[in-house]
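See the structures that follow.
Next come two complexes built around subunit A: one with subunit B, the other with subunit C.
Then we have the complex of A and B:
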């Protein structure tokens, strides 16, 4: 019975994973990836880890994939077109993949050392209480480092996704200290003049270029 | 017949290999990103399998931290993807072959 369930979920996971790679439309890849996540959550339940199964569905299939799908929709990605560059490497790739599969099969066939699970599964391993105990006693430092990592990720994402003022295509913009070619301001200067003007904030750049300020609170709806 | 540890390890190895193949094959940045998530999940399955068979909660704590790192990676990675798209109007990694935005 357990073996049948394992084969079912593992089959769904591997099939969906192949679909992730095989699909040309990124949105279909994202939907297949959600299938992988949910079948992995089922495998976690079989491995007596109900807390991680719930977190897998909530964090991965919920939060992360919603973010990915949102970005795919936002950028309106077109389908990947087929290209023939480097196609002479396909036979080599097939050969190397066969070699890798042979090696893995060899290891799994010959190494038969498997730990024996204690009879009568009464351990509380995997329950929320045991995870919380471990997280807040022995592994407190990694837990705190993780919170700092999340803080840095928030700051980094905000910095990366911030929209600067609309600049003409000739402008050279460096985040932080923004440098503009002089001929943007003065059209009489020849194009190859390397003189540049420095502006330190987006608001300054907008003022130099004569762009209306987006951040004016009076214009906000 | 109950599933053994090696079964889970085999599934994990297959998923990881598919993820590596996806990163190598795909040219779309978002598709490569999803293949990286696939590899992270394959490793998570190994952690949970070992934790379950050795009755040790440490492996599950590692999975918890890996999930947090994956969430942070998703936030920053998608920010980078949006920045690339805004500058180049494409998501093809071959087009973004220099680090300069």
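Then we have the complex of A and C:
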């Protein structure tokens, strides 16, 4: 029974994974990828790791792929045209596939001949409580480092997407210049041009330089 | 497969069938109730001709949906177009199996004790969140595959709205999880049986969490005042503009099942699930009567939420899209974080 279920879910996972790369339409690839994630979650459940399965569905299928589908729909990405691929990719793919198969065979062989018998299939490592305990005691440092990394990514993305940024106090702009010169951003460097105007934000700089502001509420119709 | 397993599988199958049938019947009558209550609010009668007082109206509607012409747009992406309503309905129905409908009951004649829940497992709450988040694809893909501007706008709005409100929805639940220390829904309901079945989490420390959950849940189910994805004054019919006959009925069904399951979760987490005050003292633990009263209590609480949904639809205007986003990100999300902070502090100080 379990073997049957395993073959079913593994089959769906592999089939969907092939479909991800074989499909020409980006949205079909995205849907196939969702299929991969969900069948992987089913496999996690069979491995007695329900928490991991639930998180897999919530984070990958429910959040990340929704964003991907959202972007594909928003940009209305057209079907990719058939074009000649880089020729070295085919032998590279064959080589990597051979490596993967060799690895799997090696592992399966060593599991067979290993003198250590695996423990019974009742274990609580996959349960929520044990994962929580592990994350907040033994693996606290990697957990916190990961959180800080994610926080940095969020702050970085917001900084890049921000429309108005504050400039350092005393920053000056030269009208007619194409870009902001280094000594304009950094007020400690002495200026030789007397026509420089003091500016506080990037929006003011854009106005002085004569760059049209797309997000000006007055221009919005 | 031995005899024991086979019996369990058959029992499970029967339980699922009974639960689905009852829920679908209630959902069918919710549609009727909605039309009647809306009629009352607007000073008219509502459908009252089919059967006694309109009681057969849901079946007449169903027959109409089956018999209508099934129109498929010529330039639609056929496979995805047919897949979308299936995903929507399936995701809506799948969460049904983890909710505890009633307490432990001694079955007569069988000498067997059983809990009135179909599947009880460690991560039930996460399972609900996961399946609900997959439900977004039904609407998003329907909007995309119809090859229609209005449908696409509806699908885009819906996915943006649902991923925004999923955050505050999930964060609102964290207070309850902190308080109960488990993700198992049955255990959460059991913990609320304190003080003769009056230990409901909404009364003990979670009124704010309940409020945030309720707001986000209404947005998650795309109901008024957050029904932007199908705003008929702007988008014809939103994501299901191109859907007709039974495929439209599936979306319709999914929306009402979602309302039902969201109400079930609200009841389970905040309103004490099947706990009816003083019922255990009156009827005794494990008796059939106690189970019956508990199940009815559970359903009554759900009906309260369904009525609230209809009431809101009858009385509130629709949000504008930027207002919707501001409300979700700048009001509900910080509020949910404050709620978590307060709950965690009180638990840390051992107030509870």
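Convention: the second predicted complex is superposed on the first by the 125 of 221 C-alpha atoms of A that agree within 3 Å, B and C clash if a C-alpha of one lies under 4 Å from a C-alpha of the other, contacts with A are read in each partner's own complex, and residues count from 1 in each chain.
Convention: a residue touches a chain if its C-beta (ideal position, glycine included) is under 8 Å from a C-beta of that chain, and two chains touch if they have at least 3 such contacts.
It should be emphasised that the depicted structure is a prediction, and the values quoted were computed from it without experimental measurement.
J.: Can you tell me whether subunit B or subunit C touches more residues on subunit A?
T.: Higher number of touched subunit A residues: B.
J.: Would you sort A:140 into first (subunit B), second (subunit C), both or neither based on which partner it touches?
T.: In the superposed model, A:140 contacts neither subunit B nor subunit C.
J.: If we overlay the two complexes on their shared chain A, which of subunit B and subunit C does A:13 touch? Say first, second, both or neither.
T.: A:13 sits against subunit B, while subunit C stays out of touch.
J.: What is the contact status of A:67 with respect to subunit B (first) and subunit C (second): first, second, both, or neither?
T.: both
J.: Name the contact category of A:98: first (subunit B only), second (subunit C only), both, or neither.
T.: neither
J.: Looking at A:128 after the superposition, I want to know if it touches subunit B, subunit C, both of them or none. Which is it: first, second, both, neither?
T.: In the superposition, A:128 contacts subunit C only.
J.: May I ask you to decide whether A:50 touches subunit B, subunit C, both, or neither, giving the answer as first, second, both or neither?
T.: The second partner, subunit C, only.
J.: For A:31, select first, second, both or neither according to whether it touches subunit B, subunit C, the two together, or no partner.
T.: Only subunit C; A:31 stays clear of subunit B.
J.: Would you tell me the residues on subunit A in contact with subunit B in one complex that are also in contact with subunit C in the other?
T.: Subunit A residues touching both partners: 51, 55, 63, 67, 74.
J.: Can you tell me which positions in subunit C touch subunit A when the two form their complex?
T.: Going through subunit C, the ones touching subunit A are 1, 77, 80, 83, 121-123, 126-127, 129-134, 136-137, 140-141, 143-144, 152, 155-156, 159-160, 162-163, 166, 183.
J.: Under the touch definition given earlier, write down the residues of subunit A that touch subunit B in their complex.
T.: 2-3, 6, 10, 13-14, 17-18, 20-21, 26, 29-30, 33, 36-37, 40, 43-44, 46-49, 51-52, 55-56, 59-60, 63-64, 67-68, 71-72, 74-75, 77, 80, 83, 97, 100, 104, 108, 111-112, 114-115, 117-118, 123, 125-126, 130-131, 133-135, 139, 142-143, 146, 149-150, 152-154, 156-161, 163
J.: Could you please specify the touching residues of subunit B with respect to subunit A in the complex?
T.: So the residues of subunit B in touch with subunit A come to 1-11, 13-15, 17-19, 21-22, 25-28, 30-31, 33-35, 37-38, 41, 44-45, 48-49, 51-58, 60-61, 63-65, 67-76, 78-83, 85-86, 91.
J.: State the interface residues of subunit A toward subunit C in the complex, per the touch definition above.
T.: The touching residues are 1, 27-28, 31, 34, 38, 41, 50-51, 53-55, 57-58, 61-63, 66-67, 69-70, 73-74, 76, 127-128.
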